[in-house]
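Both of the next two complexes hold subunit A, though its partner changes from subunit B to subunit C.
What follows is the complex of A and B.
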């Protein structure tokens, strides 16, 4: 009898987590699966299992669908490699080298996160459109006959890489700065050269973070819709998300085929995730132990300045130029510019529109909603992820693999499709959630679960479980051991995850697209609506203020996080 | 950290100070002159001498105080309509705006769950309106003078009404193209000089694109679209995106909607539209009161107002073609638009459009090599 009770007690946390994941992730995906195999999109009141068929998958016989698959793989693959190169390079420079201005390097590494990819894409279309892009006007005004065309495959890859590099930076920087120097020192003591130590010890230790962020970036760029739409569409380059979007937006809507495409995409990415899981779970990557942490710096010698210059170049391309373009666009009194000189004429620029916007009800309400949803989703998401990661990596609970798969699954579902699944779910669930901010929080929790789970689990993998067990051995209750030992050791990872979640939620557009109502509009929705309506100036103005709001949140979060770290020292 | 915050705040004050210093409004033109109408509410709602609602309906609507509108209409235009309505009636309109296809998803889902939040739904596309009608979204309502409205305006016993028609034509960038040199006909777009300088919107963008395609096939003959495809136009996903590119000078000439050109020009975009010799396509916008309306009187008043002389005039000022035949066509950007019976405003009957949709779409996609 008592063993049964213990079993129930042991199984309870897992069951609760499973239930939460079920509502957040599995039910919406079932709706999508149902849509993929039916001839009608499922709607409350008309849900049935009759008429199931594979007809929707016939779309993969079309050259367009296959072209979109090919483009997606090429774009996501190239963008991930480029983003990893940028992010890991910067992380290494900032965490482990003597490059000057390391605080700036850290800032340059995460600053592009203040610019959601939608904003980055809008800004780059202002900068690099072949006819009137600001960069081209500049090049032509100094007599250079070079035309930058952002509406191209390299342009698409570059914009994606610029704005997804910070994901690699954050995760890899965390791993590199928490690394136990003992291992490297051991290598030195045994005669290893610096280069050899880096290659054989340091980089392999950072591998889980690199792999994790690589898969993350691959999945995110593969499902990225805003950049594909703003940069890829004018170049007539279709990717799977823009293909899905067009199917959804076709007249009449082809939601079933879109769901079929999404299902295939989900399947592919689940396989990728599974491969990566095996790689991470099979090996032990303990780098944080009870001993002091003070990794050594690598002297770069004559490469210090070039390294610094490369970081500056990235910062200029990802942040300075785009913000400048947005600022000019939001001040322009006419959308048409023939030369840069035209902008200096009296009356060409005015803060009027921006001033109007910042005081408008639409903007203020959207800003309030965005902050509220992001903060709540961030806090709840981090807590939930800790629960999940702890159960998966620290307990022998049955069904932990299921938990992990459910947590990682949204990674493979385009946010726009998951948003639709969530709409159907919350319309059917008899709770007054739909049409409120709560449903947006639920959506963000679901959509960003993989990111927060990945962040927290990377961090929990680095903390030696012996530390917590020692506390229990010495008489502490398990809860106390977790709160006093494990959590404080994970603080950098937890704060990074919270920061990441805040950013992601602030930036998210696609998931909210079907769920907002007039009084629960978000800033991202406001920007997309403006862009969608051809109001580029409005889109640029909101984008600029949006980056401001995100920047302020980042500063607050950073100062909060920094204090936790300092206080614990 | 604290000093860094202070730096950030200092940095923020610079643009704010600049904003305070140079806030001159750009020279823009108000599209809708909402203030010009004289409103009398002593006995019902009377605007410019036209009685829109009797005292009973008006008071009931005022007591409800607000209504919820789900609309697929261009957001800025819908807001101008709402502003005029709110000014006339004092009733607040809460707008949920989505592009028609997504609006349809949303409305049908909410309707299926018995939780439709809208009192009034406005959408383009007869097909979408009929799907909503079949799902029981709309309930019949007779606007004043309903009997005099023919069956191209009043549908299914007043379940929904055609309110206005945006006009689909082409426009040019007035800096890049001298008005003298601008093309004056659809055929003119196939001249060599426009090769590589044209922008068009893809056929799947919605009912507007399908209407334009049908118009081109019917009016301009089967050779027009292939000739247009030979011009290697840049293809946009939505007409708004095409217009934005036109304003920025990325293309010189693009297919565009008159009202959108009107609004863009009011915001200093160097764009103007053409009334082509062969005419232009007019696509439909419908509005209806919902079965689940919680603000019934306000919803009815909104419909009545939409189809009144006053409401129709607001759409006219935006640049749309009014549905009521007794309201004269607008003058936009100094051009008097042709009358409904001039043969230049081509409205395709809804059923004809639906029947031809699939074949038109297929042909267009294969001609332009698009998704």
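What follows is the complex of A and C.
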């Protein structure tokens, strides 16, 4: 075989993967950039580099745009601080103190993750809208003249913090509970008091996890669209994502200016993500062992019960009240409730509306679409991630660093921006994809590529490469070695990645926002549409069912994740 | 089968892992590649297996050229019939021991009855007959090592490669398996290439040892030859010679010649010819060649000193003696040879002139 042929054969998988990543991630971003610097949005027949200008960025001279930038930074900054305080506090209580009910503490720490922020925001607008919010009705009925107004800056920050605190909880809890107890015992032995050991040893060791999760939460809240829209819009607080949405929905649509705003938002996230990656890389201590260690517990004394009460309060605010509000809203028969007394009247609550909804064509179609896109995006995404991870970590292919970079790039691109780029891409590409479920699958693949790639590559790194090489030496063809040895050993990692993708796709709204048509609505879109049209009862009902579906996937993931292969190092 | 490496070079970008290396392993011979980590020994082995593609050169196994950089020959690893025992054993945790060992035969699509028979034979050889149906994730280190060996033996490989197969085991098990490995290799007449950084393992397992440094073989010979006559002080150091001192000629160059240790008043006489010691000669004395006595010994090389450290090691005692106006010496004395000396005891240390070697610090690779 000639050397050239060998080279072509060896370069082929990388080229195919690069092509896929190009279509998924790179081309949409180029279209955004193109739109930001020209006067026409990309359409078939109107793509060119003529007429490039900075005119669209003149929008940043407007008080609206500047306000959106300021709001975004303020909201994301405050929400991250609050979320960190909640998440780290809860993690410390659950992992390292003798607070009662540890299993409950852990559950309270992660449960809000299974409520998509869209649902959380919706529920809180049912609870805390100044005129008809259930909380206000309750306060007024007991004669208190206090009005909770969730449609405000503090409201917006609180809702975001409630639903992003679990990210801090998970990371910090991991760091605190896997910490090698020898390090702390060494501090005791060398004369440190408990308090000083905590301050000088324990907390500094957990700091990378705290910083890492803080920056992650900043990035996620910065690009969050659903909460900004549902809570921020009535309060007339624009953030960058909701501003982009408003520009796109204006008539006539102001796509070029939206693209300019998108570029700025992506730029900010790019910086934040770069800082996060560096922080994670630089401050990685190798002290965190994976052994099943039992770290020392800090006795809280008379603070045990107040600590437990704080955890209960968080759980009530993030899960119990919102689910309760959704339940009442979907069961009530009259569209408006002026006082809580109304709900106790006979016939005020019934399952009639919920039953109607479940059998309605709209709901069934959206549910079908959601499941179909999530399953397909999950399967394809997992397979694609395996191809990427295998090429990056198991071959010497040229350009594998580029592959990895492209796969992780969507981390810095807000879902709503990527959705916008994909809209223009598939309007231009002469394939009958736009307006079908396929374009939604493509969007989900692109948005969640970093998560699935990370999941699969972590799993491939755990399988010693000698295991596969030995199969080849013992006479198996490379593909056979992969299917007989590598893949079976990665089973748990692959299945968890698939379930993670399923869950993320089921929850996602922002990426699909510009891509759905009336035939391809998803559950998340249905909720948002209902809310947008003022049909709060419909929105609440769908939300409730939607949480049920996500809960089932989560349980499935937990029961599967518990099974691990021994010896797969 | 005979394995021949000619001018093998392996470079990663700027870094050269193997540098124009040529060596021939005779049929039935056990060659040990010995060297520090990063010397290229594992890379060389992986080139033979086909897991690494050399930048240039030629590899022949038996009569088959499996790699030729010039003619573009590159036989896939699964077509080379090479057995390999990995340092991590690479025993598949999701298969039973039988399934692990039967794998290569299943790849050859042999009839089931024959597979069963051959697997049973080889499991008997490594002493794992009762474990055939056990899951491989429940094995101890020593058992995993045997499974990995059995899996390679069952395919009747042209050459068996072993990559530090004993380094993850505890000391006692290591000693036992070392003897077992050597016995199996000699009984089956296997051609073996064995990689290790442990000199005692190398000495015990090799027909020939190839010492590697910086991607090249710096000395290749029978174990006892290398042990007796290392070609440089660096090699001697690697082989456990712990008394190595820079020196300069103090008299005429012909043997027996006298050298003075650099920075000390101590003089050393050597019987071995100081050929090719170059500009930077070193005095090398094995710790077991140092004798400790209460009186000065007759003849050359007797130095007064004092015992600094005593370390009882079971069958022998290790002393550290600081010489008067001289360096510290390491001495290993059989336990029964003399009574134990206490710290602070004045002693005379001596060494036969023919046990003193004058070697160049390094040999040009």
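Everything below uses one rule, namely that the second predicted complex is superposed on the first by the 389 of 569 C-alpha atoms of A that agree within 3 Å, B and C clash if a C-alpha of one lies under 4 Å from a C-alpha of the other, contacts with A are read in each partner's own complex, and residues count from 1 in each chain.
What we mean here is this: a residue touches a chain if its C-beta (ideal position, glycine included) is under 8 Å from a C-beta of that chain, and two chains touch if they have at least 3 such contacts.
No experiment lies behind these values; they were computed from the predicted model shown.
After overlaying the two complexes on the shared chain, residue contacts for A:142 are found with neither subunit B nor subunit C. Looking at the shared chain after the overlay, A:477 reaches subunit C, while subunit B stays out of its contact range.
By the touch criterion defined above, A:351 reaches subunit B but does not reach subunit C.
By the touch criterion defined above, A:466 reaches subunit C but does not reach subunit B. More residues of subunit A are touched by B (comparison of subunit B with subunit C). When the two complexes are overlaid on their common chain A, residue A:533 makes contact with subunit B while staying clear of subunit C.
Within the superposed three-chain model, A:485 lies in touch with subunit C and out of touch with subunit B [touch as defined at top]. Shared contact residues of subunit A, touching subunit B in one structure and subunit C in the other, are absent. By the touch rule above, subunit B contacts subunit A in their complex via residues 1-2, 4-5, 8, 12, 15, 18-19, 21-27, 68, 74-76, 94-97, 99-102, 104-106, 108-110, 112-115, 117, 125, 127-128, 131, 173, 175, 204-207, 209-210, 234-245, 247-251, 260, 264, 267-270, 357, 370-371. Across the complex, subunit C meets subunit A through its residues 49-51, 72, 74, 76-78, 80-84, 86-94, 103-104, 107-108, 136-138, 148, 151-152, 155.
Contact residues of subunit A toward subunit B in the complex are 41, 43-46, 64, 68, 129-132, 229, 233-234, 236, 238, 243, 246, 248-253, 255, 333-338, 347, 349-355, 358, 420, 423-424, 427-428, 434-435, 513-514, 517-519, 529, 531-537, 548, 551-552, 555, 558-559, 562-563.
Contact residues of subunit A toward subunit C in the complex are 1-3, 6, 464, 466-467, 469-478, 480-481, 484-485, 488-489, 565-569.
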